[in-house]
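You will see chain A twice below: alongside chain B first, and alongside chain C after that.
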Partner chain A sequence: MEDEEPPVLTAVSSSARQLYLLLRCIAFSNKAHVQISDLGLKLAVDEASAMEASAFLDKSLFTTYTFNAPAQSQNPPHPDSDDDLDPPSATTPTFQISLPALLETLQIFGLTDPSTSKPPWARDAPYPTSTTFTGNNILGGMNNLCRIIYDIPGAPLSVTLTEASIRTQCDLTTYEAEYTDEIPFDRQALALKVIMRGSWLHDAVQELSSTTPEKLTMYAKTVRGKPFFALSSSGTLGSARVEFNNQPRPSAYRTPASTNLADPPAQPPTNLLETFQLSDPDTVLRSSYKFSLIQRAARAMSVATKVSIRADTQGVLSLQFMIEVEGGGSSGGGGKISFVDFRFVPLVEEDDDEDEAGDDVDETIMRHGSGSDEASEDDDML
Partner chain B sequence: MVILNFTLTPVAASKVHDLLVCLGKFSDTVAIEARREKFTFTALNSSKSAYAAITLDGNQFFTHYECVPSHGGPDGRFTCSMYTKALLSVFKGRLYDPLGRDGAIDRCDVSVQERENETQCRFIVKMVCNQGVIKTYKLTYEAVDVMHALFDRSVAKNRWSMHSGAIREYIEYFGTKTEMLDIFAGEDGRCVFKSYTEKISNGKEILKHPLVTAVAVNTSDFEEFVVQTGMHIIINVKDFKAIVVHADTLKTSLKAFHSQPTRPLQFSYGSEGLICEFTLMTAGDYSAAPPTPAPQAMNSRQASRTPSTTTADRKDSRSFRPNMPPPVQPASRRDGSGRLRNPGSRQASSAGQAQPSRKESDSLFVPEDEDEDDAWAPVDHDREETLGWDASASHDAAAFPTFTDSGSGSRTNTADSNEVFEPTQRVSQIKGLW
Partner chain C sequence: MRFKASIQNISTFTKLTASLNSLGPLAWVKLSEEQVCFTIIPEQGTQVWAVLSIDAIFATISVQSAANNVINLEVPLTSLNRALKSALNATSAHIRLTKNDKLPILALTIVTTTASNTYSAFPAAHTGPASHEDGFDASFDNDIGGGNRETIVTHEIPVRVLAPDTVAHLHEPACREPDVHILLPPLMQLKSISDRFTKLALADTKSSTAATATTSRTRLEVAANMHGCLKISIRSDAMSISSIWTDLNNPELDPGHVAGGEHGIAEHPSTRMKQLGTADGRSDQGWAVVSIDGRDWGKVMSVGRLGGRVIACFCHEHALILYVYLPNDNGDDESVLTYFISSYSA
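Moving on to the complex of A and B:
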């Protein structure tokens, strides 16, 4: 009785918006690969094999998550399973769906939801603009119940959304997976690892975008034991560089700010770069990426609480964003943490250019490296 | 090699943002002139009818200011021009945030890199944010010569001043699509700000709808109001709005100086080391104005020309003074005076050249009439070019070192060869000829 077999996946989420917010971070491509495993759903998109992004919907995001590996298990085990997860124990059904269609579905009731259209800082406001029609938050996420069912391999992905007495069911056509190889990222041979606030990175990328650059160059080095991390770009009107120096400054500036209680309390004068690891502290790490691709991650940067920036020895860049989606009410204890991953293939530097431009930039980097407070000292060192 | 370094506080940096927003309403590019003791942003609009200069005092506005121009001694200057947009992307809003949130800065360091041993010339802005983030921008700039419109306040007998906040309220009433602003000093102790658009139709097609909004203000509401009664003075309403909005960010009084219609008007305001001066061309009904020789030269020209469709009614409604039309000098004779004429003689020649006949599009400047050779020659830094504009309207008032058209050869030739040079042609149109 094949028909009686339970569906491959039954997942119920109490908040479609959570899923929406996560998936929106990778919404730059038409087709997304969906991979279903014991641990959750992974949606991945890629662009021209030069970048890829994936969002992992952990099963803890769902109130119910039932995965039954397809019985006949025709699918060969995929060698390209996500490195961040344990190797899936069972076969993992993989297919493609239209990501815009899925997002459209998830927000089918969300159009009136004020919180999705608001910037992150406004979302936590208790009930500023809620009306009868927008009271999702008040009801603790009981509305917008989202049920995702994947019946058998090849069947459409059925997404059912329920709000109050309205029920919408969407069957999204699934396509044959056409997996290209993942961008290889060697986490055993890391050249750099930086963890910082996502908003800092977002701010920096926004800043650089004003020069309408082609590429973004990343620098990292250690100056007398102090970490230094910079992003730089240049366009027709000039160049811009954003530097991150780990210099806790108990300067006059923090004092007035700390008196303000409205400021997030999680802002003591901690280090800007929470983690900074450079495999070879004696050299300047420098690698370039296509700016337009990096900008695809801007939305993830803006909502992420933290970002882990890693580069392996080949220059492949991995941005891992830790995103706290506010609990849908059903799960106590505040927000749940989810991860969205981006990977970028570096641009190959042309040697000729590098000699001139590279030296120049490096020199200025060194000169301004550790902030002007110690500029003179710095010069002496050099 | 020029040395130009200065440091701004967050408050000052946000003022720079405000002034750039204002200058951006006049021109796409903003020119910078740095002297030993002051730093000036200037902007000139494309029709050259409005000129803005915002001067920052070296000691007062900056926490640190150092400028050593490469040549010129104590009067030397460093000048360049940049895209307003590029500067605005550096001097963003919210640079100053008392709460110290993201985007706020600690201080702003600016320097100019122009050295012989370096391949790049850059205008370097370094924003030092809290928590150790440093944003460095290196902007390209264009070396240009900066010109100034001169304005002689001693002959600007009419003046008024009012707090910008009050005027800010008045400009809210002006229609968004209106073009001109008529400032009229009535006899009943009122001043009327009237924004209007004249109806323009092309056959049956109405191109512009007439729209008039008048705001009458008691002259007692002004801090100072010394204007000849019955005088109309007409400026561009957009310019006025831009000025008022910026003046309001400084919460200061806006002062206006003008002599008579068709002569320049200057708005001036400032606070804490920041001085803003906007010199605008005016139009207006000047029947009540005292007779002066200079405008008449232009009047006669206008009376004799064929009125164009767009400006016809306005011109006709004016009562020109028909007396004493001086003969138009042939270009060959004018040419003899050559460069470095005194400003008075420029008046006649500019009228004779027949180009600024339409008052609304009157240029602030007599256009640069450089010879072809001159245009390609390297800039001569010893000879400081200052395009002047004689507000006094009297021929012998050469009190300031204005010097205008360095050689009017090519222009006059063009005018000659065309025989009848349409007087209604705008400066911008003429430009395309060479």
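Moving on to the complex of A and C:
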């Protein structure tokens, strides 16, 4: 911390918990890419180039956020209506750190799991310096002061947490960034855009995961002007499908089998799909992904208020989760909104080889989609 | 050779044996009518020398032997701890040294009163515990006391009697005067944070190549200064993390306990250390550092369940000595557990 050159980044958050909750959504890899920009911190992880996930810590999450571009002039912030970050520009520092180490540091005071085991400090403290109340304060840990400093390029990323009279500092070794290319996702050529509640997607994926499938296939179609969206899983143990029918016709076929995923039969039905846009309403959009990769996003789904499901014409899937983190004290009122992004490369469809199977699936989809049959949420296609 | 005592504080005794057991399986127990000493000397790792006042554990005690009324035993702590755990709800518990088939045993007799009177599978036996000293664990119904039943359970713990010569050469490790002495924060808090450190460092070595896996010992650095700061830190390839406690207490030295009195204090290493370092712990100076095994430290910290004040004495790059004073009613610190942790050489 020399005086002559201000550190590249100084960020202070009044709640380490907020950061922890967001970063936990992408905690499936050992190393995370960190990208510092004027707008905030972006942490990204990838897996075998088939999927990538990133959490964006907006500068509004911090009480103080000072970024000094290390060299030359910093790029002007890109206007981005989609809340997606643009590819890194040359002057944004990018490096890798150990994500588990960062997460452990953020929860060093045990702030995340007050329920697990007995609170070790809540017991009668025999020390005059630590009464029961200060002990509880440490445990509750809602307002750990968290300071993130990145001094100069190549320096460790230092995270300092302060709680009562304990100060923890973790210097995370920064490694050279490994990749520069993101999974290309063409926002200008969207084939599909669906917005719905994150928990519904979570429920659907949970439901489908019971058969430990290998593949998740997404179908989207407009049927007589009505949106139709389905997730189907298939594996060695069988296959299953969850359908999201927007405004299903109140037909007599509607059986009590409908659950929370299906609409209540009362009129007017609430829209399951807040937004449904299909670039070509006449065809069925069908795209498959590796189920185990989709499952990596399960934690994000469970905490997200909304999820935007998008696929471009290449079939690349983007899941964007809107997550409201509680105020943490510094924010004026209500929760702050943050975004966690996932991108998945589609599995190569073998349409020609599996003609019968493919057609069969499509037909059942059509049948259900037209509302002529029972609208069950899980449907064996065997 | 006779030893008989009634246990007053079962929960303390249980926690004590559990803490000691994490460091070594066998304890040298030295019994006398003035005090009880538990000593653990593992092949490597932390030594514990505990001196307990009688009333910290026992209500009454009687010790008789040919060797100045001192009995030395080698006690398997796991068995003793297991036996004591079953006594946690006991109304009373007694321990005595006796013989079973000429083998010395410690017999722990536990009397439990249960309110249940639906269970009467055992025939009532109006016999005292004394006549069952050579029986196996047995339960007896005792109809005295209306609906309440008394259950008597006797645990037999095989022990070895140590001759005075065997233990004569065992002494507490001698150590030079410490550079820094400091009152530690609550041990459970310290343990929780240092356990996280150890876990982090281990996770890091696991994920890296086999070359680094050989050094699976996690080397935790513990340091303190004379300005109320304690620092624990660990280093791995991916990160280096440290926690600093500030505003801790450095107790004043008692001239009566330092060689040379007032002059001795002036010459004491800690007086010199007071000149160095700062109270916010940001200075690099004035730290007395020891480097110890993370897992071993975690085991030592388990003594935190006993509560009590802990004073740590740091001999820079040499050893760390912890004095754990057990809380007792009359305010005196008569019972003290001393942990000797030697530092890895740098």
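A few notes on this one:
The rule is simple: the second predicted complex is superposed on the first by the 289 of 382 C-alpha atoms of A that agree within 3 Å, B and C clash if a C-alpha of one lies under 4 Å from a C-alpha of the other, contacts with A are read in each partner's own complex, and residues count from 1 in each chain.
Assume a residue touches a chain if its C-beta (ideal position, glycine included) is under 8 Å from a C-beta of that chain, and two chains touch if they have at least 3 such contacts.
Every value quoted in this text rests on a predicted model; they were computed, and no experiment measured them.
Of the two partner chains placed by superposition, only chain B is touched by A:272; chain C is not.
Once chain A of one complex is fitted onto chain A of the other, the partner contacts of A:314 are absent, as it touches neither chain B nor chain C. Legend: residue contacts after superposition of the two complexes on their common chain; A:210 is shown touching chain B, with no touch to chain C. When both complexes are overlaid on chain A, the residue A:242 reaches chain B alone and has no touch with chain C. With both structures placed on the common chain, the touch criterion links A:283 to neither chain B nor chain C. Judged by the touch definition given at the top, the superposed model places A:200 against chain B, while chain C stays out of reach. Put simply, chain A touches chain B in their complex at residues 199-200, 203-204, 207, 210-211, 234, 236-249, 251, 253-254, 256-257, 260, 262-263, 269, 272, 360, 368, 371-372. Touching chain A in their complex are the following residues of chain B: 83, 85-86, 89-90, 98-103, 106, 109, 119-120, 122-123, 126, 128, 130-140. Residues 183, 185-186, 188-189, 191-193, 196, 199-200, 203-204, 207, 237-249, 281, 307-309, 327 of chain C are the ones touching chain A in the complex. Of all the residues in chain A, the ones that touch chain C in their complex are 30, 97-98, 100-101, 104-105, 108-110, 120-121, 123-127, 129-130, 135, 138, 156, 165-173.
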